[in-house]
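Contents: one structure, followed by commentary.
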Amino acid sequence: DGVAALPAPQNLSVQSTNMKHVLTWSPVVVPEEIIHYSVEYQGEYESLYMSHIWIPSSWCSPTQGPECDITDDITATVPYSLRVRATLDSLTSAWSTLKHPFNRNSTVLTPPGMEITKDGFHLIIKLEDLGPQFEFFVAYWKREPGAKEHVKMVRRGGIPVHLETMEPGAAHCVKVRTFVKAIRRHSAFSQTECVKVQGETLPL
Amino acid sequence: VPCVSGGLPKPTNITFLSINMKNILQWNPPQGLQGVEVTYSVQYFIYGQKKWLNKSECRNISRTYCDLSAETSDYERQYYAKAKAIWGTNCSKWAETGRFYPFLETQIGPPEVALTTDGKSISIVLTAPKKWKKNPEESSISLEQIYSNLKYNVSVHNTKSNRTWSQCVTNRTLVFSWLEPDTLYCVLVESFVPGPPRLAQPSEKQCVSTLKDQASTLKVK
Amino acid sequence: LKTLHLGSCMITSSLQAIQSGFSEIQDRQPKDEIIDLRILRKTQPLQDTKPAGQCCLLHHVLRLYLDRVFKNYQTPDHRILQKISGLANSFLTIKKDLWLCHVHMACPCGEEAMEKYSQLMSHFKELQPPAAVVKALGELDILLSWMEEMD
């Protein structure tokens, strides 16, 4: 019945960074032929309550490339089983299943990009837009001995946010890390960046 | 005299337009009846109750909207509403809304914004938007009492540097000091409630200018 | 991130993400034609239950959704199937957290909670199974706003 004539994809693995998850596998090669693949997934709910149910991936049923962006499929912090099979016309391979279920709480969180600017005496920060799952933990302080560190949660990237009003003559420093509510984890802090506002005299 | 139902096409696009719990049912006239003097009647239903209720002030009306704020003021309930077109002895079938849930669907209007300056800084005082009320004499209910997580997104635009920066706050007083002299600053404020997406309405833009340069003012580099 | 205070049980959950997932499919649900019957009634919301029983009531309601609503929801539309899967797996995460409270004796099932749950179940059983599933799913926004108020 042609099911096993096509080899199943091998070496399935998931690369996940900043809550973007990509499933990859070794391509099935048939000279001068275009192989298509279908990806399906099963969350913990499906495996516990309806184990016969597999859900077609949002973007890869079917697909040509040996990879699939499964970000829109992994929408809960539970283990997900993933499987792939190859098809060539009427030929279909067996399913190949990811060895270990993937949980998005294993994603790699990188320090966010940030742009520190000033508008007069006002310290402005613009953070990398990483999507709705990300909040930003911003720490800022005046660079002087014993300075108190202030903290501000910024809920969205991509827009300039007012941090504080700076005093003339002093350097003000900032570092940021991301926080992902859904997995209750945060990234490492970014590099510290400092800006300074010159100023000759204080206003009366 | 009961009309012949189905003799006319139904009104279309029937929805609730809800802002601060002022809930207006609105619809488009039936298609293909231009020039015909159609009137409409409205009924509403409280989800889980037993029968449709007439809205007497919206019986045989020629306008294409009906204020159901009083009938839908319990914002923790859900509602349906429907309208039908009438012309002579003919009338359409009812056109019905989906289930309307004021607590989750009402648009949160902008706060009142009081913008003042002492010449070198600007202070912004916000007054929370208020829930619709039937009579002016009734005591006002602030939407902060209904949405404990209500927040404000304050945007400040420096017209000289053409820079805009924002700040998300829950308190209602902000002061931005050490501003540039002789500069027009414009402010926009938007209320929002974290949760399901809602349409938002920013406040009217308000602007204020800092004083011209004084003898011993800072020169910003 | 929402912290739900359920008596002596406290859990955190991304309610907003669940609400957003639900609002994406809300308008594409089969229409609930039975509008004179509610399963989650205003008279017995979660938040009006005594704190001691809130955890138990929510645990039972989530179990109803996991065992009999999501499981029996039929749709040919893959997009909706994907969203339902997201909702079900998110509810499962909350239920697992509630189970931990139960293990630590922080989720007692008092008389009030069980009475409310049995009333709720009786409303659910008044309907034919397919209609009950459609109605329960349509009332997810009610359940989520009840949970939202448990802070």
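As written, the chain order gives the labels A, B and C, with residue 1 at the start of each chain.
In the analysis below, a contact is a pair of C-beta atoms (placed from the backbone, for glycine too) under 8 Å apart; a residue touches a chain by one contact, two chains touch by 3 or more.
Source: prediction; values computed, not measured.
*Asks:* Mapping chain-to-chain touches, which pattern fits: line, ring, star, complete or other?
*Replies:* It is complete, because no pair of chains fails to touch.
*Asks:* Applying the document's contact definition, name the chain pair with more C-beta pairs in contact, A-B or B-C.
*Replies:* A-B
*Asks:* So what's the Cα centroid distance for chain B and chain C, whole Å?
*Replies:* Measuring from centre to centre gives 29 Å for this pair.
*Asks:* Would you mind pulling out the distance in Å between where the CA atoms of chain A average out and where those of chain B do?
*Replies:* Chain A and chain B have C-alpha centres separated by 35 Å.
*Asks:* Provide the list of chain C residues touching at least two other chains, using ranges where the numbers run on.
*Replies:* If we look for residues of chain C contacting two or more partner chains, we find 20.
*Asks:* With touch defined as at the start, can you tell me which chain C residues reach chain A in the complex?
*Replies:* 1, 12, 14, 17, 20-21, 66-67, 70-71, 78-79, 81-83, 85-86, 88-93
*Asks:* Give the list of chain A residues in touch with chain C in this complex.
*Replies:* Residues of chain A touching chain C: 43-46, 48-50, 55-56, 58, 61, 72-73, 75-78, 132-133, 181-182, 184.
*Asks:* Quick one: which bits of chain A touch chain B in the complex? Just the residue numbers, please.
*Replies:* Chain A reaches chain B through residues 117, 119-122, 124, 154-155, 159-162, 165-166, 168, 197-204.
*Asks:* For chain B, which residues are in contact with chain A within the complex?
*Replies:* Interface residues on the chain B side: 120, 156, 158, 161, 163-168, 176-180, 214, 216-221.
*Asks:* What residues of chain C sit close enough to touch chain B in their complex?
*Replies:* Going through chain C, the ones touching chain B are 15-16, 19-20, 22-23, 27, 31-32, 35-38, 41-42, 138, 141-142, 145, 148, 151.
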